[in-house]
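Once you scroll down, you'll see the structures, which are given as structure tokens.
In what comes next, chain A is part of two complexes: it sits with chain B in the first one and with chain C in the second one.
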Partner chain A sequence: MTKIRYHIIQLDVSEYGQVVEIRHRLPSNYGSCTGYVARHVKGISSDVDIPEIGLVAVEFNSRKQLYFNDLVGYEAQVDQLPEYQELNIPLESGQLVTGFYLDTQKNPYPLIDIKEWFRPYQVAIYLKCELQNGKKHVRSSCIHPVAAEAAAN
Partner chain B sequence: MKNHKFQQIRIRINAPGDSVRFAAETDKLYAKVRGVFASVPSDQVLVGATIGLKINGQDVFDDAHEVRMISCGNQVAPNNKFFRFEEHIEAGGSTVEGRYTDPRGTNPALYPYDVKLYLWLVNETHQPEKHGEKHSEKHP
Partner chain C sequence: MYDHLVFIQSQLKQRQIEPALQQFYRIELPVGTSHYQFYAYNELLFLTNAAALPPGTLIHSDSRARVIPLDVQSLEGIEDYSGTISVEFPLPLEVETTMEFIQIVIK
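Here is the complex of A and B:
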């Protein structure tokens, strides 16, 4: 059984300077997050690389951990394999991944109206997650009160 | 017997927006799938193309996984082209199935085309590897 899952959070950016909220629930059987990549998927077209099209900030475990801020760029040509940045975040079951993406594109044609120049695009955040070992879903009503008290102590 | 094999799976895409299911079987003589690499004839069809992959019934990539995440340019050395799996993925006659989805709105002159999916099969025992680890670093 494979233990690694590549979880994808897709964000649609439809306006210049838009802030896109990230509010995403990871599956409860994920035990930890060990890497991420944030990248442009489609929409932008340019002959040259653009080092920054936006900023992304992501928090884990329902805002308890602000974990990464990163720039998202655009690559005009296919080059190296995208590499996952390392993380080591234990995930709490059923908690949210939150944050935002901010479009920071600069208008390359100052004389042209932004509405004519801007094209909607899509960004994806890939989270490399590991499944929890031996995770069993137990209903709270099944837990014996003495055992629960012992665990709390 | 050789320890490495690069098994190719061809997927024919006939029109923009095609979503094609594919299925194959890994070579029985090899124990493990070490990596995967996707090759397409043009960068234009890569933008927004997605691939889902299951090997031996186990989820490897969701259907929304970009093909770009497992492909790279010609300037990359052959040993570093493959996306390497960090965990043991059983080969030995395992079924490989998935779905390739072509992005809409690309140049119609590019169709039809073939996507070539290369599986790197090996016989060595399992050693956890880090993605992007250079071949030369392991064998200085």
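Here is the complex of A and C:
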């Protein structure tokens, strides 16, 4: 049976128009990534939905594969959690997930200074990954093959 | 100072990208430009003269986004952009500005 693990990458946006860099290492025992969701988690409050608050781009396997570019929106009322978008990315052990989040919010109050209405917020990228059979997570500090093998056993 | 070309070659090797062509690529932007969009599909463009752009300029592509920082003169790194690339200046350009890239066309 395939074991599923969910991995969360949290991004803090503290400035209008900010570019938040993603540089994240997935556990080495993840064999493939099969889905993702990118969504606003906290910080923005609005009575209406905002279709776009930012753009996200994610690459896998240390920049060998650009995989998705997506819009992130804001939902005033979350009735049900969004479904995972399908991916099928074989992961190389211990490689980086990289990319960026770009805040693209538009000022809803043109007469008010941006700094007045902007509030810091958080976006999360949820990755749905499958474990590689029979492989245990090895910390990246275990770089020596003997140490890595010992940790795996 | 490190060698940009050596850095690019090692990047391509690490990312298992086989180049078909490597050349310089320039974009000349006239006075008054505040936004410019162009395309670089199946290729990488390494920006080599970021210091010539006004601080606060946003360069946004499918793979990377970067705001030119205030201390750009002291930075040595070069970064690549690909896909749809848009450049947004904080204010319309007051002087003609050239963006210079090393273009890598991918096989």
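As a convention for this text, the second predicted complex is superposed on the first by the 133 of 153 C-alpha atoms of A that agree within 3 Å, B and C clash if a C-alpha of one lies under 4 Å from a C-alpha of the other, contacts with A are read in each partner's own complex, and residues count from 1 in each chain.
By our rule, a contact is a pair of C-beta atoms (placed from the backbone, for glycine too) under 8 Å apart; a residue touches a chain by one contact, two chains touch by 3 or more.
In this text the structure is predicted, and so the values were computed from the model without any measurement.
Taken together in the superposed arrangement on chain A, chain B and chain C fit without clashing.
When the shared chain is aligned, no partner comes close enough to touch A:107: not chain B, not chain C. The partner of chain A that touches more of its residues, comparing chain B with chain C, is B. In the superposition on chain A, contact of A:85 is made with neither chain B nor chain C. Looking at the shared chain after the overlay, A:2 reaches chain B, while chain C stays out of its contact range.
Contacts of A:59 after superposition: chain C is touched, whereas chain B is not reached. Contacts of A:77 after superposition on the shared chain: chain B is touched, whereas chain C is not. By the touch criterion stated above, A:17 is placed in contact with chain C alone, chain B being left untouched. When the two structures are aligned on the shared chain, A:46 is found in touch with neither chain B nor chain C. Fitting both structures onto chain A leaves chain B and chain C with a minimum C-alpha separation of 27 Å.
Those residues of chain C whose C-beta lies close enough to touch chain A in the complex are 14-16, 58, 60, 62-67, 82-83. Considering their complex, residues 17-19, 55, 57, 59, 62-64, 66, 69, 99-100, 102 of chain A touch chain C.
Note for the complex: chain B touches chain A at residues 43, 46-48, 58-62, 64-66, 68-73, 75-76, 80-81, 83, 85-87, 89, 103, 131-132. Residues 1-8, 10, 35, 37, 39, 41-42, 77-84, 122, 124, 126 of chain A are the ones touching chain B in the complex.
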